[in-house]
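Two complexes follow with chain A in common, the first pairing it with chain B and the second with chain C.
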Partner chain A sequence: MIEPVRRIDAEVVPFLARGCAILGTGGGGEVYTGSLMSLQALEEFGPIDVVTLDDLPDDGLLMPIGMMGAPTVGIEKIPSGREGVVLRDHVERLTGRRVVAAMPSEIGGSNGLLPVAWAAQLGLPLVDADSMGRAFPELQQVSQHVVGRRPDLIVLTDVHGNLVTLGATSGEWAERVGRAVTVAFGGSSAMADFIMPVGEARGAVIEGSISRAVAIGRAVSDSADPLGALVEAVGAVRLIEGRVVDVERRTTGGFARGTVVVDGTGEDRGRALRIEIQNENLVAFDDGAVRACVPDLITVVDAVTADAIATEMLRYGQRVAVVAFPCDPLWRTARGIETAGPRAFGYDFDYVPIEVAGARA
Partner chain B sequence: MIEPVRRIDAEVVPFLARGCAILGTGGGGEVYTGSLMSLQALEEFGPIDVVTLDDLPDDGLLMPIGMMGAPTVGIEKIPSGREGVVLRDHVERLTGRRVVAAMPSEIGGSNGLLPVAWAAQLGLPLVDADSMGRAFPELQQVSQHVVGRRPDLIVLTDVHGNLVTLGATSGEWAERVGRAVTVAFGGSSAMADFIMPVGEARGAVIEGSISRAVAIGRAVSDSADPLGALVEAVGAVRLIEGRVVDVERRTTGGFARGTVVVDGTGEDRGRALRIEIQNENLVAFDDGAVRACVPDLITVVDAVTADAIATEMLRYGQRVAVVAFPCDPLWRTARGIETAGPRAFGYDFDYVPIEVAGARA
Partner chain C sequence: MPAPDLRIGIDVGGTNTDAVVLDGAARVVAQAKTPTTPDVTTGIRAALALVLEAPAVDRSRVTHVMLGTTHATNALLERRRLGRVAVLRIGAPATRAIRPLFSWPEDLRRTVSAGEAVVGGGVDFDGREIAPLDRDAAARFLGSTGAEADAVAITAVFSPVAHEHELRARELAHELLGPEKVVSLGHEVGSLGLIERENANVLNAALTDVAHGVGEALTEALREHRLEAVVFFAQNDGTLMGLDYAMRYPVLTIGSGPANSLRGAAYLTGCDDAIVVDVGGTSTDIGVLVGGFPRESSTAVEIGGIRTNFRMPDVLSIAVGGGTILTEDAGGVRVGPRSVGYELERRALVFGGATTTLTDAAVARGRARIGHHAPPDALAALFEAALGHTDEALADGVDRMKTGRAERPLIAVGGGSVVVPDRVPGTSEVLRPENHDVANAIGAGIALAGGRWEGVIHLDGNRRAGLDAARKKACTRAVEAGADPSKVAVVELDEVPLAYLNQPAARVSVKAAGPLGWI
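Let's turn to the complex of A and B:
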């Protein structure tokens, strides 16, 4: 049973950050920047409320927000902090309706934290939900797309204040055009996507994501055996423990793509795990066999602290453990797998749930 | 003295097409598609009115329209014909104001003709004006940018009905983001840009462009010496007559770029002219010396008919004449030259007016 989070203040941020990093599966942006921006905004504007959909008026707008782009760019090109205000004002001007709450588009990585900073500045509550239950690289890889909502109102902005409003005919077109805009913006953009009335959000978002992230963060932080606590908290399979012996990474087409190889140590000596990356960890191969794959979560963590390591922070020599755990049931529906399963990323094999693939070793 | 055009019907279209091709300096898209679409729309919806700014209410919106992208793409990926309606409806929805007239963003090439088709379908008049007095490759190379208007409302759409609304912080950002969207759309987009109230358009557009294009077209069509008539109609310098001996062309970054070499024949035997292209003819070099350059107009025409040849239609062996003539005075202001002079295209030399450069031979 996860304790519901009702407020985020400076005390909660470190737990949220640890949890978001773990749910980020390497993506969503390294949590350091997002943590600092959240702490600063909370100090300036006070704690923010975390609410459920039931706490909000049905006709108010729910605004999912986050950064789009390659996390390798995000390390150096940080948000201005004004993005939340620019997005909210533009959405209200376009729709003539009031935004009553914000929500992280993705709970994973810095994208689970930046909405805290933006909400504090906006004086808005955050809904205890997100659109992924993790992080995914592409715009259409969200719960709203899976349940069939159209991407008819997406707003992107950059640090200069350029503003793009996109009404796309499909999720794939939204990704294609949104990615091009993000690259033109210099590799990252702040985005509000799939904006909708609160009354239409139930079933179209993944509820409880903030509470879950905080619970995972607390479990890992409070334990003398952080890795064991993590495995227990998320129901993970340990894929390998070892050392990073190879990292190949490039920023291309608006994504960070690459591979990392972990060479087993201790009980895993003699084995190696290769992980393929598109912003997030997509697939883990063990001697050519799939041990875990999207939409399930694959996270590389520090072997001692169990702190997740973002894909853009992977380095030769790091001592790590790789864990994998089940995605939200929404992603295991036919359309969920079509949207974010292995074939959606160009792999020529079918999704195998971690409960099956992870046990094959 | 140019005869003002007050109506466009099927009789006028061929003259308009010839004039637009000549003013296109190779760009704006080959006029064949635009002519056919105009003729079809005029047959279906009847002739359109051509009006002056004085004929319109000051608070109505003037909507400049045209296609953006590489003309090499435009040959194969033709408009759906619905673009005008999609753009107008979206502009009215966004602004809450009524569009009272359309205008070609650029009078050059097919972009001088497509607005006829769209206006006919919309039941709107066309203003006898455009934003260039010719064709230019980049979004910010328009009169509105030269006079300091901000690109705060640009709408782009594609054949699928995807819609992007852009509010940019500068003309350069508008070009950068608009180009990225156009490439994502598959290499071409239909655009309404620098939409403004009629009352603010005076001085911000180049008036008389449609009448001028039709007058040029008539002059060339009515003469037994089309090339002579063209030279007289626009006050052109003949740069060379000869044969196309080399064409190099590639579609890259949303533009058609390349060079064409014309080898002199007759009196010009022994000379060669090299023209550098970015959608439009930018600079004509004669043995390394600049004989004509942007923002002045350089047009390659058929040696016999004086029909302009679009850059994407240049072929080895064509018998051509190359003429150059002065741009609108707006482009010879400091900000005009900064926006569309040689240095704006990366050349390391200053603008030399055709009256000077053309006489150097």
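Let's turn to the complex of A and C:
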């Protein structure tokens, strides 16, 4: 049972950061910059409340927020900190309704941290939820899209306060236009999308994400056996423990693609696992057989500390463990699999849940 | 009279300060080892005096002195002699979400900062201005805090792409505070990653006084010994920089030790691709040579609790050295982590002492012939178990550091390297070059002068021109650092496309190096 997080202060941030990195499944951007932003905002504006949908009025607006763009830009042109306020003011002006809470749109990677900084400045609570339960590369790969909502109101802003309001007919269009706006903004933008009344958010968002990230971070930080603690905290299958023996990378169409091979050691000696990557870890193969695949989560962690290793940090010789764990049930619906299953990433095979694929020896 | 052709390499280590004199063919003419002193400078002077006493050394023939020192590292760790810095960031309205020095330990921030400001300016990744440089705000800040500051550190957003705003702000600082005020610029010190570059830049400015202290002490020592030599400092990437350059970029001396020993190992064996195992008294550093230079770490490097983005040598340290103490209890044989350090020749069994060390085990098992007492047979089982543990730790460390499946030679250097076995799994052979115990000082002595440039280039049709410009900038820096302009060459070029953007751009890092020019 995960203990619900009710408040985020400076003490919680490092745990949240470790958890977000693990839920980033190799992508989602580094969590260091977001941690510093959060710590500064919490110091300046005080701790933030974390609430459930039931704590909020049904007719108030829920505003999911996050950054879109290149991580390299994010570590150089750091946000102004006012992005959340600019987005909220604009949304309220456009809709004539009050925003009562914010929410991370993506709990995995840096986007799990930035909303903490913005919520602190806004003086708003964060809803204990997100739109992915992990990290995904594209804008339409969110829970709201899976349940059939259209992104009819997306607001993008930059450090200057420039605003673009986007009414997209589909998630795919939102991705295409949003990406172009992001480039025009200088490679990164702050975004609020799938803004909706609290009453309509039930079932359309993935609840408990913040508590889950913090619980994961605490488990690996407090334990003498971080890897065991991680496995227990998320109900993971240990796919392999071993060392990285091959890393291959290439960048095509704005995505970092590649493969990583982990050679088993100890009990896993004689086995090897191949992971295919497109910004995030997509599929794990064992001797040609799928052992885990999207939308389930596949994370490569340090074998000793259980800290997540981002795909760009993978190197020959690292001692790692690869764990996989179940995605939110929403992703296992027909439309969820269509949006973020293996075929959505160009693979010619059907989704096999980790409970089935992971058990194959 | 013989031609002036001698150079002196000095390297300050944790336990010992080593000095060597090399001739024109880079052969070792003399060498010396003295304990490293708390103030560092005394040890350097002692090593220099010792090595100059050697009969083979004609001091009138000494042309260069190369120094790898830990002054800057120690100053940061001990918070001593650090200057006060006016910290100016150019990037508003961006970047306000993390203020300058936010992540610093409070005591270091109080010691170093004379004040911080974020003013308008900076550029995007494609070089377009985020905002015009806010000269008025910069002038107000410099006017109010600049006078009491020893130095100014100016860091602009994406300055590795375009550094115009940093240059203009420096001009302004010199106008307001006088031309002699020390001003450090972000694009000259660090690479992409604003917070890390700003941190490195502020540290650099704070170390100005320390650097001048070392420079003066060394110049003074040379004068005492009547040496008319040119002084170079070792940088953290295994290359050298001239005195003037080192005075401007003292922060680049941090971490030069491991780089020196790697370069020395390459030189002594003629082997450019290898694993280098440097065994000291207390610990062992394992590094990798790629094309004759240290492989660099891909993760952020913390210096005294401050995160920077320096290209430090990728080194794995394990707590095993020649002086490591061996004990046995109910749990079995323990190897370290305590060590007798520089007291090996007094406390080890083979030197008549009472402490059982790893060196005793190496002698007992026939790996070394040193000392004048035979290690007792009664401890045979202990020695065997201890070496077994050590071999395993070394093999594991080597395996972690390997760059690929291919088996490369292992080069064993350092005073404690007798503990390294003749076969290490995953390596093709174990090389033990002559003079391996002063490989670090030799590495400093034979190094090339080097420079680096890192930034973003755009790939739309102009990739070649962009890469050429990057190469040229790196070569210019190497020449500024002291390389011979006619022999400087690019030794490394890294190009990483930017992900999550559908506009072609790449992050490029170029390193150039060349033999020292005659100044």
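Structure notes:
In this text, the second predicted complex is superposed on the first by the 331 of 361 C-alpha atoms of A that agree within 3 Å, B and C clash if a C-alpha of one lies under 4 Å from a C-alpha of the other, contacts with A are read in each partner's own complex, and residues count from 1 in each chain.
The rule is short, and it goes like this: a residue touches a chain if its C-beta (ideal position, glycine included) is under 8 Å from a C-beta of that chain, and two chains touch if they have at least 3 such contacts.
Bear in mind the structure is a predicted one, so any value in this text is a computation, not a measurement.
Of the two partner chains, chain B is the only one that A:168 touches; chain C does not reach it.
Of the two partner chains placed around the shared chain by superposition, chain B and chain C are both touched by A:179. In the superposed pair of complexes, A:15 makes contact with neither chain B nor chain C.
In the superposed pair of complexes, A:345 makes contact with neither chain B nor chain C. In the superposition on chain A, A:160 contacts both chain B and chain C. Among chain B and chain C, the chain that touches a larger number of residues in chain A is C. Taken together, the two structures place residues 160-161, 179-180, 183 of chain A in contact with chain B in one case and with chain C in the other. Within the complex formed with chain C, the residues of chain A that make contact are 32-33, 36-37, 39-41, 69-73, 75-82, 117, 137, 159-161, 179-180, 183, 186-187, 243, 245, 251, 253-256, 279, 313, 315-319.
Residues of chain C that touch chain A in their complex: 91-99, 102-103, 122, 124-126, 128, 130-131, 157-158, 192-195, 298-300, 307, 399-405, 456, 496-503, 507.
Interface residues of chain B facing chain A in the complex, by the touch rule stated above, are 94, 160-169, 173, 176-177, 179-181, 183-185.
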